[in-house]
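Okay, so chain A shows up in both of these, paired with chain B first and chain C after.
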Partner chain A sequence: MFDYNFHWRPVLKSLPDLLEASLVTLQVAVLSMIIGIIIGLFLSIIKLKAKGPLQWFASCWIELARNTPALFQLFFFGFGLGALGIHLTPFFIVLAGLTFNNAGYLAENFRGGFNAVPETQMKAARSLGMNLWQAYTRILVPQVLKIVYYPMTNQFVWAVLMSSLGMLVGFRELSGETQFFASKTYRIFEYFAAAAIIYYLMVKLILFVSRVLATRLFRY
Partner chain B sequence: MENQISFFSSFALNDIFFMAEAAYRTLLISIISISIGTFIGGIFGWMLFEGRIIAIILLGPILDVFRSVPLIIQLVLFYNFAPIVGFDLNAFESGLVILTLYTAALVANVVRGGIASVGQSMRRAARSLGMNYWQDLRYVVFPIGVRAIFPSWVGVALGVLKDSALVSVLGYVELLRASQILMTRTQEPLLIIAVAGAFYFALSYPISRFSARFERKWSQ
Partner chain C sequence: MIKIQELQKYFGQLHVLRGIDLQVEKGEVLSVIGASGSGKSTLLYCINGLEQIQGGTITVDGVKVHDKGTDLNNLRQSMGMVFQQWNSFPHLTAIENVALAPRIVKKKTKSEAIEIAKNQLVHVGLEDKLNVYPSELSGGQQQRLAIARALAMDPQYMLFDEATSALDPELVGEVLETMRLLAEEGMTMICVTHEMGFARDVSDRVAFFHDGIIEEIDTAKNIFENPKSELTKKFLSKVR
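Here is the complex of A and B:
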């Protein structure tokens, strides 16, 4: 039917390597997500509460992260910082780019979450004798994280998908590894099809786990 | 050292025009794919909502694949798959096809939600006023649904505008590719990446502001 011979054997042979690389993908996505959540929380609180240069800084971060392509952000951390003499390894380029992006998007979600928590919660916490830090970490943030749980899982899926851009800055996660093998064996279609399937399964797994986690976490 | 030939020349006014032309290419590919993708996505969304069993079994998972596989993998995969089945597409055309399908997959979900957001009683009222199914869609569901989905549609469109940067992988010279070329020639990565970022920001930020204002106005 096709004027092309499919060769799946090399793909099968390097499948363990691809699976190992997908663990690297997950690793960088999880790390960027954790750091992104922490920075995003700070950004959203700053944007809501602070005035002056701090707020300006937070707004700049959020708008830049949301209004420029993720690939541009990776290039900035890769080539842009290189011009300043800061040479990050590919892992840190991808981590920094993803974290910057995640923090910006999550901050906007968290802002909505903070607005949805009634103001009396804060007042009650303070009048119970908690200081500001305790009120945020024990009362407000848990509620916000619960409200934005689904947007957060979406963002995590995005982070996994965006980490594929690592292939363009020489990072050997799933896509980078795929490209490495594809150019080695010249079986581009087969390798990228395999990568697509692995990504698909990974995303489905993440969504499934997050749904199971949600039923365990939000029983009350 | 006077007569040494330099391989690098610094950033000049001409290069701004080069980048502006590349920005035009970015706009071109995104506008075409967003318009066609929105049209197709609207039809898909309607099919998903009307939920004949075939649509749900066939269409849902297919559209889901476009949302669960990284765009960069989709692009490389399609670019290498098209010649196998006998289409000789260049980088622009394959990028256009994939971006269009990607937009359609995202818009379909948005549209499905939009149709669902129009209350069932409203539609029953329309039908009992003597409208037929298509009149109900045209005069009741469409005006209400468009208002409901406009912000998320703008979000999808801006996402596609930003993701069009990935077509550079196939060799289509759009904004980010152009800046890479200039970076190689001028050896001034920070300046050029900043200019490219400014271009993207200038394209995306006004639209997101405009949509936010529109949303506020409509929600009143």
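Here is the complex of A and C:
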């Protein structure tokens, strides 16, 4: 039918390396989510409550993260900072880029979440003598996290897939590793097909785990 | 003792409280009645420091609520507040709702806090709902939960902001019963309420609010049987 002979043997041989690289992918995605959630929470609260330069800063962050290509954001932390003499390792370039992006997107989700929690919850918490920090961490944020749980899962999936951009700044996550083997063996289609399957399975796993986790976390 | 002098409160251009003078002694039950929008609830929010004021003073046990140096988080522990929309914390079980503030604000140990919470839930008749989430409770039960939660901080005063207004009619009784019980136990209470029966039977004094001022304040007996102000008479004739 078409003039191409598939050769899967080299892919199978380097499968352990690909799986190891997919752990790197997961690692950077998870880290960027954890830090991104924390920063995103602060950004959304600042955008909702603060005034002046602080609010301006949060707005800029959110605008840039949401309205420029993720690849450019990665390049900024790689080549952009590099031009200023700050050289991050590929891992930190990707981590910083993804975190920047996650925080911006999540901040908007969280903002919606905070708006969905009745204002009187804060009043009730404060009336019991809780300080602002306690009211946020014990009362508001747990409710917000439930409201935005599924959008947050989406962002996690997105982070896993976005991390493939790391290939372009020399990061050996799953795509980088795939690229490395593909150019060594010229079995480009086979390698990227295998990598796609691994990505697919990773995302499915994440969705499954997050659904199970939801039933444990949110019993109310 | 709660002492309010010359209290002024604006919401933007709107002059909500226009010179309130009021004194509530320990052990007293004061009901605040009046039409919606007369500033009754705002008064409670001001006493608790949840709202800023634009003039006058409010002192609670000698501490000025709106002074810059006042530790509001500390002061609020002496004033339990119950809201119209009960505001139970939906992500916590009944016992967690009540135990949380004693634990993180009063720094009690976990077991102490649980013990306090259990006692208060028994107190308001929710002993069989300890591990239930608020979504599984009726409005009346949620409001009693809110009362238990406030009581768990061992307050000197209880402020009730139309605690029964948002309830289905058949659930009002159980909440009023709990409030009556508290009054009998000698709790100092300020109750903003539309329940005239409660105001008449339970309170020592009743204040009638009209348009941001206290139009008339007297013993419950005098207000209901022998009101002096024409506005009070008119209001009472409408609600009865």
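Keep in mind that, in the parts below, the second predicted complex is superposed on the first by the 220 of 220 C-alpha atoms of A that agree within 3 Å, B and C clash if a C-alpha of one lies under 4 Å from a C-alpha of the other, contacts with A are read in each partner's own complex, and residues count from 1 in each chain.
Just so we're on the same page, a residue touches a chain if its C-beta (ideal position, glycine included) is under 8 Å from a C-beta of that chain, and two chains touch if they have at least 3 such contacts.
All values derive from a computational prediction rather than experimental measurement.
Three-chain overlay on chain A, with chain B and chain C fitting side by side and no clash. When the two structures are aligned on the shared chain, A:K49 is found in touch with neither chain B nor chain C. Residue contacts after overlaying the shared chain place A:P69 against chain B, while chain C stays out of touching range. A count of residues in chain A touched by chain B and by chain C gives the higher number to B.
Contacts of A:R9 after superposition on the shared chain: neither chain B nor chain C is touched.
In the superposed pair of complexes, A:Q121 makes contact with chain C only, with no contact to chain B. Looking at the shared chain after the overlay, A:A195 reaches chain B, while chain C stays out of its contact range.
Centres of mass aside, this uses C-alpha centres: at chain A, the angle toward chain B and chain C in the superposed model is 110 degrees, to the nearest 10. In the superposition on chain A, A:H87 makes contact with neither chain B nor chain C. Chain B and chain C never share a C-alpha pair closer than 26 Å once the two structures are laid over each other. Within chain A, no residue touches chain B in one complex and chain C in the other.
Per the touch definition, chain B reaches chain A in the complex via residues 65, 68-74, 76-77, 80-81, 84-86, 158, 162-163, 165-166, 168-169, 176, 179-180, 183, 188-190, 193-194, 196-197, 200-201, 204-205, 208.
Residues 45, 48, 50, 73-74, 76-77, 79-81, 83, 85, 87, 89-91, 100-101, 104-106, 133-135, 146, 149-150, 153 of chain C are the ones that touch chain A when the two sit in their complex.
Chain A meets chain C in the complex at residues 118, 120-121, 123-131, 134, 138-139, 142-143, 146, 218-220.
Those residues of chain A whose C-beta lies close enough to touch chain B in the complex are 2-4, 63-64, 66-72, 75-76, 79-80, 82-84, 157, 161-162, 164-165, 167-168, 175, 178, 188-189, 192-193, 195-196, 199-200, 203-204.
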